[in-house]
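Shared chain: subunit A. Partners: subunit B in the first complex, subunit C in the second.
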Partner chain A sequence: MTVVTSEMNVGERLDQIAASRRRKLRFLQLTPIALLYFAGLILPYLLLLRMSFNKYDAMLIFKETFSWANYSKLLTDEFYLKIVAETIGLGLAVTLATLILGYPVAWVIVRSKPRTKSLILAAVLSPLLINLVVRTYGWITILGDNGLLNNWIMAWGISDTPLPFSDNFWTVVMGLAHVTLPFMVLSLVSVMESLPANIIEASENLGASTWRIFKDIIWPLTWPGVGAGSILVFSFSISAFVTPALLGGGRVSTISTLIYEQFTFSVNWPLGSALVFLLLAMNMVVILLHSQLFKQDHG
Partner chain B sequence: MIGLNRRDLLAGAGVLAASMAVRPAFGAEKFVIGTFGGTYEKILDASVIPGFESANNVKVQKELGWGSKFIPKIIASRKNPPFNLVYINEDEAIFGQNAGLWEDIDTSSTPNVNDIYNVCKPDVVPMYTGIIYEFTCAYNPEKMDAPKSWADLWRPGLNVGVPHISSTYGMIFLMIAAQLNGGSIENLDPGFKALKDLPNMKIYKGVTDGFGKFQRGEVDAALFYRHRIQILKDDGLGIDFTTPSEGTYGMRTGVQIPKNAGNVAAGLDWANRMMGPEYQTAFAPKLYSPSNKNVSLDAGLAAKHVYGQDKVDSLRFADWNILNPKKSELIEKWNKEFTG
Partner chain C sequence: MTKSSLAIENIHLWYDQFHALRGINLSLEQGQFLALLGPSGCGKTSLLRSIAGFTHPQNGSIMISGKNVVTLKPRERNLGMVFQQYALFPHMSAAENVAFGLKCRKRSRSDIEERVKNTLEMVGLAHLADRMPRQLSGGQQQRVALARSLVIEPDVLLLDEPLGALDKKLRIQMQTELKAIQQRLNVTAIFVTHDQEEAMAMADTIAIMRDGEIEQIGSPAEIFSAPETVWAANFVGSGNVLNGKLIANGHGEFKIQGLQGCEFSLLSSCENICPDNPVFVSAENVDFSLTSDDDALIVESHRYLGVFVEVWAEAAGTRILSLMSPKKASRLVPGTRVRATAKPSELRLIGRTIN
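Entry: the complex of A and B
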């Protein structure tokens, strides 16, 4: 008996040692990235957090103090609340646009032969291969008052004056949808790939309509892909800076463009820092809501 | 096993020596400047940096951008600023002066300062000035006659380019709009109201955006950099510029040495070179107008420049001691009025 116990003890101890080694190894594996995150993300955020409680001063840039004034300004001033709403609206519009555009594309990719699949995938990924600024100016060339689209419209006599395609909210939505579409499509493709084809065949054999197959089978099964794609697209869109700044033509403000203006032109760092945390809080809320909405049942 | 014979070693040593020979500044101290990109950078590379490096035994490293990008970095690291020298505009020079960002001006080491126009001297604007810009009234002659007054931009049917307030000239155009409508530099509200009254306002954010809007024919008139309009004119675009009865504003651009930057002597040498005729003559063909009175340009080129005492004296300059402290509140008001 004692021998067995001692054997068990030895076994347990070996297990313990192995577990501790694994922990150490995991710790070592994670240390470089943890250090990088601490030095490059957490520490700057802490500095910004402190800055957000300071007071702006036109001469000294900021005065060290501890005041909630910047946050109360952001949360009570109608303008900033409107910008928060618009930023969220922008994120939702881009997410919806990429979902509507990306879903059928992902479906076609999954159903295609390997060669066609690679071709369509390359086409979908192509926006990521073009420099952001070049891509944005491409849109300006197409959508401007004297752009390609307006020139056609006027040449065909549809309108005598250029139509306002540029410098507005929807131009920014389009520009962002262009660049975020690959994230949505790839997320959907990865989930659709694992969709068992025989389920669809079975439901077809049992006489389900195409709509019913989509609504009751395909959509619920691809829901995790929709979730993953949406969060990527939404977070990217509400934090984007260059596209709203260039395609908005000075007419579209988002929290990101305000942050940039506060840190550079106005040199109002305390308010800019408070805006950073407003954006961070928005991202957190979205991630929390997302985890609730797209909760995966592991049971 | 790698076999190395004497010939290989000699050949290797030769290559090493050659590579060191083409890098005269090898081992030299780094000298970081925050400067403008594009044409400006190309001329620096070709005409300024080689001579400066060998005279000061430094290796120049450039960070491209503009003042409003460099200044936050200097503020964030006052004790050890990331630049030895930065290019800035007059409003940024005054801002930095008030915020205590710059080394004291030292004209004893920069004799070229004696040859620059009085309005460019450091006691007028706290930096070493190398370029004078003019913000002219640009217009499309096919769409309108030359505006006699800035107020002519408010005529119905015109697409008017309005510089975003986050630029020096955006503030200046707002001020002009205020002055035309009973306001002043102290009271810019009438300017906001006037801009809202523009029949078709096309906001442009930065030079590239404005330049593009002119090239694409999206604006009929706008306040814009005179030299940029001249470039478009020279390219054959249907565009011209004029001086309205109220006059035009100018802007001075130059360099400053951040406090605690290190190697101030080299910084002063750069500042002195930049204020000198040789440096400014190298930039003149690309229409950067000289601050040095002794830069001599042929008549054809001179006509395209802000050139000569009379022209420089005709320019108005904004009082940034009044405008700078208003920037934060003005941009907020601007966003409230024109975005969203």
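Entry: the complex of A and C
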């Protein structure tokens, strides 16, 4: 009897030692990244959060108070609401553009032989290899008033004055679609590659037209990839700063460019901080929406 | 009304340089159940996919119910196909899967509902109509796939190793069920398999394929008991294909000479057997008995199969196999000298001898 209990005690003790060792190990493994996140992300965010409740002061930059004034201003003032709307519109336009451009590309990639596949994949990923600023100025040299395209147009006499290809909403959409296309394509490729074997042949055999195969089989089965790609592209686009700032030529305002203005030119740190949290909230909403919309209905 | 429901003439298929199908000819009556049997790479799946329209033979014709379909797209051929991994639509319930082909044919909603219900009942899945494929077992998925391809009333049902993914017990049960359904509907069916037992159990006609050609076609009994070539005999039989010379023994019996340690005689009414010519013979149910003679086979190895033991014996390059009870096998340890005998009725002359 005593032997049994002592054996149980030994067993329990060993379990405890093992568990505490596991805890210690896990703690050690997570510590560096946790410290980095705390110092580099959570702490600054907390400081910004505090700042967003302060009051702007022309002399002192800000006055310590605790008020919701900045937030209520952002959510009621038509000027800011318009910028929020433009930001969302930009995100939607870029998402739609990459979806329309990326879907056929992903399809071709998945159905290609290995060699062609890696070639097209490399081409699709190439925008990520070029520095953001260089890539953006590249577009300006093509589309600007003194750009390549306008030079040709005027040389051929199609128009006497430069056509407005640059410095507008659609230039920004194009610039952002250029960078975000890889995210969309990769998300779609990963889902398309896991389509069950022979599923298209099975639908052909059952008499389905090409359109029906797409509508009833391929589109619903690739829906999770569409969702994952869309959320990546949308979040990236509404948070982007360099592309709207440079390609928009000052005529396209998004929340990001506004934040930049508030912190550098207007020196209204409290309002700028509130904008940061508005953008964060928008990204959160998108993520929540995604998890609702793209629930694996067969998962 | 004996118009053949499927007639294939001189089909040739190349994949680049590889000649996958080399002049296939086939003809099936309505309701016939054909098994395409052969080792992997023999072209059986290529032939099935050519009929379905997924691969395009460069030469020949495929007539389905009197109409040449080689230029038609798969969806225009009205064939049912069951794929190896079933290829069910994972986002559709069992009933929706079955309904898909009818929707493509623009049938009325009430018609679709009724047919789906009847077909699911036929395969014994009416109670699982609303389940998603991933909620079904392998055998159940198999039945959904079968129902999906039968509900459209195909001219020919094509089955690409449909039972390959099931465990043995379930496979045997599905074999029986599949055959019963095929007979009840009297649908012409073609079944690809590499498992000869499966082919024998289900089909009424077996075509043995080898290197893109049909080696032999006939009923299971013909294929098993009268293989036409050494290759077919090796592929289908129990493994004893021997060559020797025939010597007339009188009374229509021929002794096979030239096989060390064997005492085989053959009953044959064939007039054209030319004694002294080398012949190939397949021998089933060979028996081993102990001997002290020099003219003997040496037991080489055992392979335990449960109810039976495979015992291999060898002499002068000829290997002979005998199936026996474990008890008997335990007396024939490797190295033992044995004599092989078989009843004359268990020996068969293989049709074509040169191969």
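Remarks
By definition in this document, the second predicted complex is superposed on the first by the 259 of 299 C-alpha atoms of A that agree within 3 Å, B and C clash if a C-alpha of one lies under 4 Å from a C-alpha of the other, contacts with A are read in each partner's own complex, and residues count from 1 in each chain.
The rule is short, and it goes like this: a residue touches a chain if its C-beta (ideal position, glycine included) is under 8 Å from a C-beta of that chain, and two chains touch if they have at least 3 such contacts.
Quick caveat, the model's predicted, so the values are computed rather than measured.
In the model built by aligning both structures on subunit A, subunit B fits alongside subunit C without clashing.
In the superposed pair of complexes, A:220 makes contact with subunit C only, with no contact to subunit B.
When both complexes are overlaid on chain A, the residue A:212 reaches subunit C alone and has no touch with subunit B.
Within the superposed three-chain model, A:196 lies in touch with subunit C and out of touch with subunit B [touch as defined at top]. With both structures placed on the common chain, the touch criterion links A:265 to subunit B but leaves subunit C unconnected.
Number of subunit A residues touched is higher for B, counting subunit B against subunit C. In the superposition on chain A, A:251 makes contact with subunit B only, while subunit C stays out of contact range.
When the two structures are aligned on the shared chain, A:160 is found in touch with neither subunit B nor subunit C. Here the smallest spacing between CA atoms of subunit B and those of subunit C, following superposition, is 43 Å. Interface residues of subunit A facing subunit B in the complex, by the touch rule stated above, are 56, 58-61, 79, 82-83, 86, 137, 140-141, 144-147, 167, 245-246, 248-253, 258, 261-269, 271.
Subunit C contributes residues 52-54, 73-76, 78-81, 83-85, 87-91, 100-101, 104-105, 132, 134, 148-149, 152 to its touches with subunit A in the complex. Of all residues in subunit B, those touching subunit A in their complex are 68-69, 71-72, 75, 95, 98-99, 159, 164-166, 202-205, 209, 212-213, 216-218, 324-328, 331-332, 335-336, 338-340.
The residues of subunit A lying in touch with subunit C in their complex are 196-199, 201-209, 212, 216-217, 220-221, 297-298.
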